[in-house]
Amino acid sequence: MSDTAADPRLLRAPPKKGLRLSWADERLRAIVWQVLVLGVVVSIISWLVSNTSHNLEVRRIATGFGYLSREAGLPIAESVISYSPTDTYARALIVGVLNTLKIAIVGIILATFLGTLVGIARLSKNWLLSRIAATYVEVVRDLPLLLQLLFWYAILQGLPGPRQAMHPMEGVFLSNRGLKLPWIQWQDAHSFALLGFVAGLVLTVLHARSARAKQMADGKPRKVWPAALGYLIGLPVAIWALLGAPWQGDIPALRGFNFQGGLTITPEYFALLLGLVMYTAAFIGEIVRSGILAVAKGQWEAAEALGLPRGLIMRKIVLPQALRVIIPPMTSQYLNLTKNSSLAVAIGYQDIVSISNTTLNQTGQAIEGIAVIMAVYLTFSLSISLFMNWYNARIALVER
Amino acid sequence: MADITAEAAPRGHQPATAAPRRPPVLAVGPLAWVRANLFSSWLSTAVTLALGYLLVRWAVGFVDWAFVNAIWSVPSVNGTAQTQACRALQGSGACWAVVTEKHRFILFGTYPYEQHWRPAICIVLFIGLYIVSAMRRFWRKELALVWLGTLAVIGVLMWGGILGMPYVPQERWGGLVITLILSTFGIAFAFPLSILVALGRRSRMPAIKMLCVLYVELIRGVPLISLLFMASVMFPLFLPEGMNIDKLLRAQIAIILFAAAYLAEVVRGGLQALPKGQYEAADALGLSYWQKTGFIILPQALRLVIPPLVNTFIGFFKDTSLVLIIGIFDLLTAGKTAIVEPAWQGFGIEVYVTAGLIYFIFCFAMSRYSQNLEAELNRHRVR
Amino acid sequence: MKPMRLATLRALGAAALVGALTSAPAMAQQPAPAQNAAATMDAIKARGTLSCGVNTGLAGFAQPDSQGRWTGFDVEYCRALAVALFNDAGKVRYVPTTAQNRFTALQSGEIDVLPRNTTATLSRDTSLGLDFPAINFYDGQGFMVKASLGVKSAKELDGATVCVQPGTTTEQNLSDWARASNIKFTPVVIERQEELVSAYLAGRCDAYTTDVSGLAATRSAQPSPADHIILPEVISKEPLGPAVRHGDQRWADLVRWTHYLLLAAEEFGITSANVEKAANDDQRPEIQRMLGKTGGLGAMLGVDNAWGVRVIKAVGNYGEVFERHLKPLGIQRGPNAQWTQGGLQYSQPFR
């Protein structure tokens, strides 16, 4: 096409038109339309705002975020950071955000794992396995998530009480108070070891990068895993040992009404996690299946012809191509899972919606309460979108 | 597969002399199928056996619970049901009596008892509307008129107040019909809105484009529950003093706004899938923007988006259950309220299973339909 | 072809527009509450129905039966008001409200009165713009535990898991009390009552806390109520009563005196069965005034003078209402007995 540009007649710039005051002028029409639509939208919004401020005044409802520094007085069952009812509303809301993150992150990881298994099972040559996977996907997708959550919660409540708890092994108890696991008594040394692990992660990434650069330069593949092992395990263990290797088990035991000590997974959290993971995994399974099917058969055959082993074909040839199809819909599933975690309010897991909702009830400040919920979710959604877009761009086919 | 090849083998051309030989049992026929699909390797055999065992065990347990040990009705004394028999089961069997007793409440909520035929007809009308909309030979513009007409008839039936039917305010509506109303009216109003938003998002006018992007991303970034809360507690503050919209309608508006944002993305996908030549050809004909959109672009784009549209609809159908949280009596809320009565407390699983079955029937039918449709449309395109 | 299509399109547009226009007013056919708050009663009369905010389902107080009819203690107050205004207990729109949207519904005029076991507190009276004209049920927050737990007092609940409904006064009372008595507990907070109860029954919590009436109702509904005990401590005062918007005294007056009517009727032994006879024959002056034979008290409230007879005939006196809805749940009169019986229910004089 660009060849024709050599023709001087076609190099002429389009005639520069002034804005005519005529309905026939497209640009004028565009401006009129935009002014009109914007005007309508702005006037509707200002009407609503003026109504709202009038109503707030007439009904003597307090406004502003001043309540955030007041004492909350609401009890919260599980919290990542320390919290007591004497803390402020702001801290209660932070607890809620962290609880939402706790369910979303774990949920995304497990749903990806289970979803991939389901997707692969649906492609299995074993008829029974693929049928069961297909039935699972169909049934789970066709039932409302809320119903599933209520169902799981009802099932978990059917577990025996703490005194008759199932006790499969030392220190592990399963009852309607949740799953109790042994844990270590957390000390500073453990926090430092955790930091060491994060540092090891960064070092591993850097090491892998330089190894790849060297491979690009001389073509010789280098092993990354021994160094990675050192960074990821050796470093934290060394830090831990240097700080005196504290190791005191925290074994749960039945004392009084409940189990004391140990790590608790509450039934509310577990039911929510189970519901979200089962539900999202059904969708992810379909995405993974269509992603794998989308890779042309010729790719397998060509790779086999090169004599590559099957695992390597999957890892280096098929998966990278399938990922390109998988990533965009997967992003929206991750977003869905995060947003769906708001259903926690129905089964009593105290996430940001539940806590903000209680706050709203106690203070009567509906606008602020809902604004908090929306702001939190918008932040989550935007962060996940940005991250996945970045990742998608990284693995996208570089077209030359 | 082996069966089909055996069936399809030509029969008439076999020479009479050669006696037909049966194929080896392990190469074709059901046995061969079993071997190839269930026991092809050690791993496969192990998986089959393990799954088969679990499946049989679960199925036996389920049949025991749901049928063998189940109680289907209980006697009632002075209007209070005597549920001791159910309690005595201790969970070893289902107490379907709760459904027998409460089925009309679960289906119709607090709608006046003698007038239940009205929501019942509405449910039938809704199903009829879905079936008509599903048939491709009705995919014409007149379908929109059918929708308008049916929805109007449903409105008249539900409200009443004319033709000798007593007026029934919205607070009394409930049960399955609320689920159908919220989802169907939701999509019926969201669809036109979503087309406008999708067109706006592809518009060359920056202000309109920005507005549409803002709307879609904002709504898609927050959970439906926050919109419903907004409709429930914030919306009344937005209106001038004295003006007031019913709770059901507020929830309906929230669902419409929510649905429109998602549908707009579906429609935008359809618009983007159209080859650019279509736009250029329409421009070349000198058609105006609205002529181009109405006669060339939309008829083709909307056809493409029908399967994802059905899937989105299934999503909304399920999501309407969230109105539980703001206290509207849809199918799920009615089911949960049915077990508030002390006599029936604790029979949640039975009610959930029943409500789940109703949801499943609707969603499964729609999702099957959408799968078939997709395959059909794709076949057409490939050819 | 083209003009025809255009015509179809236009017809479609027109139809849609007409549809939208016709359906909009139908959908917006809502109680138009008074512009100034002083005219709630006129607005209700003009509308022809009373909008009554009730619980979405709480046994004994408000719950729909198998046929979808609302019944319960709170519901009787809606019916009584409807009878007072319209002589028809059916002219009520029951609006189910959640703990969260009940006050918004009242403030915005979606409902006229909120008899939804709502605790009267100072902040609700002032900063939420409400009024509590009468207290029709004196309650208090208590604890219920399983008898098998062997707990005899709430003081022994240290370390227990407690089921509590969020966003209510109950939740704050619980943490106040725990702090004051130096008790640590793990909360399980579930919004919907029936789910909370089933969590307690399933043993998810050691104790269940709510108003004592609610505890009694739950307890009596169990196959063997003796398995559960209500602990003696009552940790809060929960005066429950119908709420109205602040600033409309006429409407608040009718709500208040309808409650007193039910109380006074019980005090004087007037029931739904004998009210008509009493209206004609009873010579006691206060009864003659109350039932509209003399005094013209009904007109002062903005209804007609025979309102007392109609209301009592339709719903019965306070004791009858209590017997009908709360007694079967095992709730005792306790503080809700007549003042003559040592309770707190005390009608102001009909004079």
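Order of writing sets the chain letters: A, B and C. Residues in each chain are counted from 1.
Assume a residue touches a chain if its C-beta (ideal position, glycine included) is under 8 Å from a C-beta of that chain, and two chains touch if they have at least 3 such contacts.
From a predicted model like this one, the values you see are computed outputs, not experimental measurements.
Should one ask which of A-B and A-C has more C-beta pairs in contact, the pair is A-B. When each chain is reduced to the average of its Cα atoms, C sits farthest from chain B. Chain geometry summary: the mean Cα position of chain B and that of chain C are 36 Å apart. Averaged C-alpha coordinates put the centre of chain A at 26 Å from the centre of chain B. Inter-chain spacing, taken between the CA centroids of chain A and chain C, is 42 Å. Contact with two or more other chains is made by residues 100, 104, 107, 191-192, 195, 198 of chain C. Residue positions of chain A with contacts to 2 or more other chains are 150, 154, 158, 345-346, 357, 360, 366. Shared interface positions of chain B, i.e. residues touching 2 or more other chains, are given as 229, 233, 236-237, 239, 241, 325, 336, 348.
Residues of chain B touching chain A in their complex: 37-38, 40, 44, 47-48, 51-52, 55, 91, 204-208, 211, 218, 220-226, 229-230, 233-234, 236-241, 314, 318-319, 321-322, 324-325, 332, 336, 348-349, 352, 355-356, 359-360, 363-364, 367. Chain C meets chain B in the complex at residues 2, 5, 8-9, 12, 15-16, 19, 22-23, 26-28, 30-35, 49, 56-59, 63-70, 93-98, 100-101, 104-105, 107-110, 191-195, 197-198, 201, 217-218, 220-221, 223, 329. Contact residues of chain A toward chain B in the complex are 30, 33-34, 37-38, 41, 48, 51-52, 54-56, 58, 125-129, 132, 138-139, 141-147, 150-151, 154-155, 158, 335, 339-340, 342-343, 345-346, 353, 357, 360, 366-367, 370, 373-374, 377-378, 381-382.
Chain contact summary for the complex, chain A toward chain C: residues 59-62, 73-77, 85-86, 150, 153-154, 157-158, 160-162, 176-177, 255-258, 260, 267-268, 345-348, 350, 354, 357-358, 360-362, 364, 366. Residues 99-100, 103-104, 107, 126-129, 149, 157-161, 164, 166-168, 171-172, 174-176, 178-179, 185-192, 195-196, 198-199, 202-204, 206 of chain C touch chain A in their complex.
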